[in-house]
Amino acid sequence: MTHSLDFRSDNTSGAAPEVMAALAAANHGTAAAYGEDDWTIELDAAFSMLFDADCRVFPVATGTAANSLALSCLTPGFGAVYCHVESHIMVDECNAPEFFTGGAKLVGLQGVDGKVTPKALEQALSLGWRGVQHHPQPAALSITQATESGTVYAPDEIADLAGICRANGLRLHMDGARFANAVAGLNCSPADLTWRAGVEALSFGATKNGAMAAEAVVFFKPELAESFLYRRKRAGHLFSKARFLSVQLLAMLQDGLWLRLARQANDCARQLAEGLRHLPGVSLPWPVQANEVFAAIPQPMAEAMQRRGAQFHCWDPARSLYRFVCAFDKTADDVAALLKLAKEAR
Amino acid sequence: MTHSLDFRSDNTSGAAPEVMAALAAANHGTAAAYGEDDWTIELDAAFSMLFDADCRVFPVATGTAANSLALSCLTPGFGAVYCHVESHIMVDECNAPEFFTGGAKLVGLQGVDGKVTPKALEQALSLGWRGVQHHPQPAALSITQATESGTVYAPDEIADLAGICRANGLRLHMDGARFANAVAGLNCSPADLTWRAGVEALSFGATKNGAMAAEAVVFFKPELAESFLYRRKRAGHLFSKARFLSVQLLAMLQDGLWLRLARQANDCARQLAEGLRHLPGVSLPWPVQANEVFAAIPQPMAEAMQRRGAQFHCWDPARSLYRFVCAFDKTADDVAALLKLAKEAR
Amino acid sequence: MTHSLDFRSDNTSGAAPEVMAALAAANHGTAAAYGEDDWTIELDAAFSMLFDADCRVFPVATGTAANSLALSCLTPGFGAVYCHVESHIMVDECNAPEFFTGGAKLVGLQGVDGKVTPKALEQALSLGWRGVQHHPQPAALSITQATESGTVYAPDEIADLAGICRANGLRLHMDGARFANAVAGLNCSPADLTWRAGVEALSFGATKNGAMAAEAVVFFKPELAESFLYRRKRAGHLFSKARFLSVQLLAMLQDGLWLRLARQANDCARQLAEGLRHLPGVSLPWPVQANEVFAAIPQPMAEAMQRRGAQFHCWDPARSLYRFVCAFDKTADDVAALLKLAKEAR
Amino acid sequence: MTHSLDFRSDNTSGAAPEVMAALAAANHGTAAAYGEDDWTIELDAAFSMLFDADCRVFPVATGTAANSLALSCLTPGFGAVYCHVESHIMVDECNAPEFFTGGAKLVGLQGVDGKVTPKALEQALSLGWRGVQHHPQPAALSITQATESGTVYAPDEIADLAGICRANGLRLHMDGARFANAVAGLNCSPADLTWRAGVEALSFGATKNGAMAAEAVVFFKPELAESFLYRRKRAGHLFSKARFLSVQLLAMLQDGLWLRLARQANDCARQLAEGLRHLPGVSLPWPVQANEVFAAIPQPMAEAMQRRGAQFHCWDPARSLYRFVCAFDKTADDVAALLKLAKEAR
């Protein structure tokens, strides 16, 4: 088998063998449709165990659906949702949050290392919109874990933001498209990184981490989920053969597969970062804390790598910044092959 | 192996072995994400061949998404979409069409045998709404093929409705959640049943017919599809690992699998209808033209069947009307087993 | 002064002199903008006195805004709003209710004399949508008082419907575009016709009854109004110089002007009905209980009247049904002139 | 008569006598409802004359309605509307643009003196969103004339922005809530400031400038207005007695009243700026080019002024920045009285 030099995205990989096996295993006999099957019903208990707390859990197929449906439970159409100015919900979901929430405004906050800072949030809240009919009503903060810059929020960083949210009547949502990588990177418990720190709704990503197409919307406060069933159906995100979503999630939780895969991806990223960091002319703007490596690379070198088969995206041409994503199935050998190529490309 | 007595729905069955095999086969190596993979790109050509016409084709995972996204390309928010008063988009999608279209009004039309009649459509259009600012603007007709009553529109019935649509500036959409069953039932070509008869956009269902979760939105007029990409993403229906949607559809088209499965389901329904029809006290309100059988059955008899393991839904308690759906994987033996039980239940 | 033969609509008349005087009187000095002026603040108390109950009152400029904003407080986007199949919100507001509610479905109910019947409502509710994720969730009933057929609901008729609403978790909204005519016609108290009978939100119309452009959205349960301020602003219905809306409403309430005008209009309608009823070939399909008269008139006779200067709309060509509206400023002489013309036109 | 020391807003003033007279004059006889009266029909011609170009003109009652309805004709729900980060549509309309457009994203641009700069617009457009399904699709630029900082765009500044718009497929909208003040301040023609410079749709404000409640949405490209009638009705902004909106606008255009009032307001603002500028400790951050004066004033001095009866808003406590608005009916004497008070307050 040859090495894969495809570092474009988590999404260019397929599904983990365990996930495929679970899909095949579930394909026997008939089962109640629309989420009334045994697998789907098991989700609440499985995630409640994982998070050491009572959860309400809903499977959907895409991260955009997970984020937008979650947010639609947290804000009215006249609300404001605060988020990082470059977050996925802000720039990469084609106005899905606005669509699902009935027109809520996403307010972009500046950050450090891809993370919303308490100061930026407080400044935005200091405008005095609450209760004034002319202004969008502050409704929620959404943070991304791991961030779009490959960094992670530590539990106390989340708790700081959550404190501001509580003091200002904001709900706290976490876009966890790479939640597994964050947990693996921080080596802390899922609970510590979510509800114990103040997170109220989580988009628990599995697709990037080895599922075929499955995400879980997890509510740590059941009352926030009251309208979810109707919102999901209304958005066309209720699967008739829902078992095929649910078993993907169960397979990920089984024997800690989700963390094992995330750790492997993170290890690859760390190995890649170390290798790149020491190449002349290369620098890394942000700490590598999950499965993504952002590196400023001389353009000729990057293009030489690409000519020789490496695949990765240019993130910011102005800074000659490139992104390398280590998917769940990347191996140390893949990374070594890429680094070899990088060294030769200088 | 025992017989399956589960006639609740097409959706209680799993996926056809060919679909599972295609999913497994596609799970090798990396592929461009978000629909830029080779399988997804192949869809336009594959469906254009099937329909003998240039098509623009978009895979999504649910029928509600297919219908609502298609309709959102056919009507503005101030538009009116005509449909059968008991159609799926009217009563079974939790206002998804209204959501995706930004508030268009679904106008329910009475029908015969579950089919919209030209007369009902013309009466609705005779109200003179077009061009009058107070009224919803007539925008589209959506018909279901096969219908919610298990009947089918013949090509000339569609052409009649299409003629009214053309004369009144209405687009014509077909909800083909059971399109395969209709084609199989009528034994005509997909083209004859769609664009040649005047259909402009089709929700081509595969899930009920043996896919895991896959539907194709097919536009016979490319200009109607211009905004589709953005609408799909905005609704969270763009899959990152899109290949896993597309290969399901390709597998269904491969060697006519879609028709083979539909024919088997229809055969079972016909067999079941013949068997039920001759039982004392049982009557069938509508012709059985696809894979669904509706039968008025004395309630004690129906309940006796259910007690002995048969699974099927009560459709209308007032008329003691029950629905039996023959999924793609039902067999003649399954039907025989059900009929045996029915005879004993009298 | 010549007689007015314009019976097209309540809206073809201008504003009552008292309203114009109030506008002029309010045009002195500066006042806080956006509804923080003294006149607007007075509205809650003025209407609370009128209705003998604590009310939250919001002025807007159009009936469509009043209805749609009120309904948007009563239903989520995945809700169902029941109403008469020919009601204004159903067919004459270009999908405004759908727009404001984020896509709720209006379910049209058949009626008698333009009034929703308890039986029709109960049948619709018997479909079992509540709590089932596939279906729109029953949220509200909206009735029109006086109806689009010129009839009125008696207090006990409203109470009957309200009882069904309560038993089924529906909110009860009244579109009172012609509320004044209903109160005048029934000669009962505003309270008896609203909250005492179970109405929770009322669109209190003033424009048709002599205002320039002013309607009051009245909530009898303050908790239903919590989001109103934001919804109104978001819809562009908050007036900067709000005093000019509010003084119209105050002028209408002053010394019972609203009832005086409505009584005059109703008297004219009754006089007109009596006159028409006895003409050969003329029949009235519905009782005349407010300020509108619907009459089946031989088409040649109607056209002869129109040729000679009478203005009124054809309501239903198929039945040769015509509508005559007596605006707030119609007089007995106007009606007499019209009747004279009708007699000559036979 | 005493002097008015109320400089809070243009909206705290009432209506100009000429407007009140026009309303009274229009209140005779019946007129076709819903905009089919002669006054409303005259609007197209009157504005076409004013702008020296064929216009399609629609009266509405509020600026938020004008802006949001105009924008809804210029962008789909998956679009991006660029605007100044502190513009009225961005922060002062409670998500109305998002609501009316079905969820378009407003992208805030930094500016100089309250004006969007070509550089900021080009940077935003350089992100490469066009044609990429993940991103909001660039649809329109909206600029405010005069700006929220009391400055104006010169015709060539607009033309520069319009050139970028054309090159990037953006529509150009102007929020002219204070358009009259801008025309008066620049002493140029309405045409030069709009369509000749590239503006395609204008919210022509009259309310702040002396109307009771009237704004005109002016389209310089008729094809952009095709859906306006339905969008207006659907939003509850079609007045039944529309004459009362239209005559306000006609009165403003009559004999140049709109410019006369705006010039007076601007003169007052200039006088006030000159007076304040020379007071110790006072500075003006932006040029005064319309009817608003922003001044950094020592807080004790500002509060002393307010204690003695002056009314004006604090704009930014952090900078001790205050706003003084000269409404259409402010006089030189009013300003002199305020300045006297300011001098004494030091």
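Read from first to last, the chains carry the letters A, B, C and D; within each, the first residue is number 1.
The rule we apply is simple: a contact is a pair of C-beta atoms (placed from the backbone, for glycine too) under 8 Å apart; a residue touches a chain by one contact, two chains touch by 3 or more.
All values reported here derive from a predicted model rather than from experimental measurement.
Asks: Show me the overlap between the contact partners of chain A and those of chain C.
Replies: Chains that touch both chain A and chain C, as defined above, are B, D.
Asks: Specify the chain most distant from chain C by Cα centroid.
Replies: Here the answer is chain A, farthest from chain C.
Asks: Comparing the two chain pairs, does A-B have more C-beta contacts than B-C, or is it the other way round?
Replies: Ranking B-C and A-B by C-beta contacts puts A-B first.
Asks: Could you please state the distance in Å, as a whole number, between where the Cα atoms of chain A are centred and where those of chain B are centred?
Replies: From the centre of chain A to the centre of chain B is 34 Å.
Asks: Just the number, please: Cα centre separation of chain B and chain C in whole Å.
Replies: Spacing between the chain centres: roughly 42 Å.
Asks: Using the touch definition from the top, which residues of chain D touch two or more other chains?
Replies: Answer for chain D, listing residues that touch two or more other chains: 34, 77-78, 93-95, 99, 102-103, 133-134, 137, 230, 233-234, 238.
Asks: Considering the complex alone, what residue numbers of chain C touch chain B?
Replies: Residue positions touching the partner: 77-79, 91-95, 98-99, 102-106, 108, 127, 133-137.
Asks: Chain A touches which residues of chain B in the complex?
Replies: The contact residues of chain B facing chain A are 4, 6, 8-15, 20, 23-24, 26-34, 60-66, 68-69, 93-96, 99-100, 207-208, 212-213, 230, 233-241, 243-245, 311, 327.
Asks: With touch defined as at the start, can you tell me which chain B residues reach chain D in the complex?
Replies: Of all residues in chain B, those touching chain D are 34, 76-78, 102-103, 133-134, 137, 227, 229-234, 238.
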